[in-house]
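Presented sequentially are two complexes of subunit A, the first with subunit B as partner and the second with subunit C.
== the complex of A and B ==
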């Protein structure tokens, strides 16, 4: 389960994205993701196509912390090209890596005082692991669009400033049982301002 | 039930049988115990082996799993898999494969492709394997790769998400399984079975029996009996062990098998020893029993043989050493044999010796005769009989005891007089002597010697006794010709000697006659009565008073077709001796009555006289018959009897004569003067007629004394009231003399010979006699 703290941080990120200029007049889209049993699915990334400009790169680097020998957050949405900090808040050292194609990196053993950051240049899913602690798994979703939001604990993602005319919705989840863990949904915002997406989740986590 | 002819065989068979039974039960018990123990040992060993196998299996699984784990967690390897750095992956796998000796080492990626060279080059049904693995991270157990069973483990490779599986496997070859079982102390057979997706169990070895052979028909692995059990044919012990299966739902089982024969093999030597010892024991027992039984049965057989020979009359002794029951039986047997022999000897002695005198008896002499006759010189066998004259008077005078002495003394004397003679007592009053004599003279000399010896006075006690003995002797030939024994011939010769008043006589066969001829004569006579060979002849009697024939005497005649004329003197005495006289006389009576009827029919009233034997006069049966017969007859019948008829049994005879007289039958005294003529009897017999014997009449004309006797007899008879008939009248002179003497009747050739009925009737016709005159006064019927 995702902790409340992480959820708060995710909500702040979403708010930050929504406050970006140049999207005046745009609508707000509220997407609910449920699994096949009808339960809400958190940590799913809902995105709409859009052009990612430098404006959308956050000034402050995004953060994938290591707390209590776990990554935090579990899923981090990162615009392509953005830099992500990997602060170690544990007493132990970590060895974070990813073999994701295009975003391969390795942060060899480092401690609390050592700051590490990685810029992700390729869109896609980046599974993160720790070479020391097998149980540590997290995912970074590198997106090519400014409209990408992670679902909260209620399985809801709210997209703001969505330009009109958007009819294709993409939902990704690390354990989504689909090609590249992706589900694409066509919708009409005028008719359905709050679309429902059902995602089949492999029961790994 | 089996019956044995020999006690020895019986004992041997019974003991051998009993020993075999004991042996069999010992063997069965040993077999049972050993089998139980061996089976128990095998069970324990199999359980231990199963445990060891499980341990080894787990160790293998652990080793492979550990190796796969280490590899799959290696950062560099994970990097290689995640980035599909195939050469690196291959080299890493090959490195581990060689280090651990795996047969197969490869990686299956998350999308189903296989990385890693298969050293054996076998084709992988990767799709199937992916299907097995895709739903889980780890797997381990028996996996069929290209149809061959492998022990395989699969471990996930995470980077950090799962990107594939490391798979290690080694082939479960048959020899590999055997190596596994070599850890056991007993040579077990290990067989692998797995369940196919269609539900059937398949054996690794194609020729192995189906799994149900070991599970008792059970096919669900959840219900398998983990214990050690016998196969249905009980030739093997087996244990079924479920083994980890790589694929869920397709279980695998290992069967450990151990043949019972192999379990029993260590004990085979023991059983051979038991069997050998048993056979040796049996052999010893049979031989021992045989020998022992021989010791037992030999004396019994000896006793049996002895008993049989004893039964045959042989004297037998059985001498057995020892003091056991059989020896005592033999001793008792010997005592019995001796007792029997002694008793037999006594019986023999008694049988062959005279009880009074102790000298040999008739049987002993007859044995001596038989022995002598059996020799070559049988013809010289002679026997003499020494008959003591007036023995009863002597015995009455000197007593029985001295009589016995007398015989003993006589025996000694005769033995002394005739060397080699055998002397015995053959009758109360006679000694017999068996001696040998070459010829008649020698026999006569011996007889004379015997006579001399026997006729000497004897000194018995204090008295001298004169004894007289008559000697008869006979030779062997006499016996064979006469049908008597030679001793009997000698006895007959004594009678013959006495008859002629000689002191010594040889057996006279002619005088003795032929007894068998006599007997056949009687049967011929009885036959002759029916066939007419015997008939009555009638001799007329002349009545002086009436000068006519008024009576006749019926005389029995026998004309035998073979032997010719047989005189009454020859067969009448014999008939009297043998008892045939009764039927003969009855026949005569019947015949005479019948003839008298015919005479009357011819016009002649004739009194018929028939001769009645003296014996019949006192025989009530005959008298009753005669009276009955004559009561129905009207003719005159006269019975002629002799005085001797009255001498033997006067009372009965006189009574019967009176009865005859009362019935109207005349009685006549026949042959008066020929035998003993007693005046007292003459007086007492109520006869009506006296017939003077022809001896006094035949020469009446010439002999003066006869005339005096006849004259006085006639007078005597008349004075007693009797008529007189003179017999033997053969000339006219006699007729005249008799007439002058006052005789009443005359009978003889001069009057008429005896004639058959027809001739008599002719004779009567010629004489033209008148028939109205009475023969005597006493007749009642006319």
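== the complex of A and C ==
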């Protein structure tokens, strides 16, 4: 026989859950990515499966700029099918290209301007280079989900409005020392809203 | 003394005074972008001066040199082969330093206060074809100024060895 006290406690818990929008059906997830030495890993792309709709608005402008003879940013998250602007904000010309399967492109040598853009139709990693500046390197991560964010300088990425229930978290880094440069974690965001993931990184950036 | 000379003298003396205390960029005139400090030297011009005064006279002196540089810049901006190389240039600085460089090399009463040819052209990825396109525009400007062909070539002979520092692709 269930005691009144337990019944009351259960009712209060249910009310409490309903009052917290973060836990009832949609959650905010705070993912920390570190390497095996415990150091934070910036520029990792953290993602959960989800449905990309046509009206999805990315968190930051879809731009891969060239400035000071380098790309900016180093890693850019792009929803599949979206167009990315490649503004040359530099004092010199650049010739941008990628050999990525399904996303191959070339922007032949151009000076300072804001007009060039490329659409990315395949999910996956797109390594970028410049034909005349060997030191220029960056990556576009094309994703099939609205739930994808790059980790900041502290190795932290916040995903909002994620559905609760068992799911698979993917953590990818261009130099991730794992198969396909990524690791996965099966978990429930409602149970663990702040998962910590370890991914070793080869080399420095 | 002209206003410009007073300004240059003033700025130069200021530059010498503060250089011991702060990284004051030298020779960035008003209206020009800041530059990282560098050692100023006529050696940066990339060529020894012509000593025969007949050449400077054939170029119509400093006034002729200024007109040639203006013609060269106009030509570059309209030349789709190379306008992209120069598109983000600091144009006031480029005009000033080109005039100084040409004047110095032609034996005029100028010092070159710009940077070396190598340091200025690094990362631009200039090809031989682009270098030649610039020379064509310079020849057009010298033609417009009425500089005789033989005199043009004496000047070009001083510029040609810069190819090694300018062309990197």
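The rule is simple: the second predicted complex is superposed on the first by the 171 of 205 C-alpha atoms of A that agree within 3 Å, B and C clash if a C-alpha of one lies under 4 Å from a C-alpha of the other, contacts with A are read in each partner's own complex, and residues count from 1 in each chain.
Heads up, the rule we're going with is that contacts are C-beta pairs under 8 Å (C-beta built on N, C-alpha and C of every residue); 3 or more make two chains touch, one makes a residue touch a chain.
Values in this document were obtained by computation on a predicted structure and should not be read as measured data.
*Asks:* Taking the superposition on A as described, I'd like to know which of subunit B and subunit C A:112 touches: first, second, both or neither.
*Replies:* Only subunit C; A:112 stays clear of subunit B.
*Asks:* Where does A:91 make contact in the superposed view: on subunit B (first), on subunit C (second), on both, or on neither?
*Replies:* The second partner, subunit C, only.
*Asks:* With both complexes overlaid on chain A, does A:127 touch subunit B (first), subunit C (second), both or neither?
*Replies:* first
*Asks:* Provide the residue numbers of subunit A that touch subunit C in the complex, in ascending order.
*Replies:* 69, 90-93, 95, 109-113, 132-133
*Asks:* Over in the complex, which subunit A residues touch subunit B? Could you list them?
*Replies:* Contacts found on subunit A: 97, 99, 101, 104, 127-131, 134, 136-137, 174.
*Asks:* Can you check the complex and tell me which residues of subunit C touch subunit A?
*Replies:* 83-89, 123-125, 169
*Asks:* Show me the residue ranges of subunit B that touch subunit A in the complex, using the header's touch definition.
*Replies:* Residues 73, 75, 78-79, 82-83, 158-161, 163.
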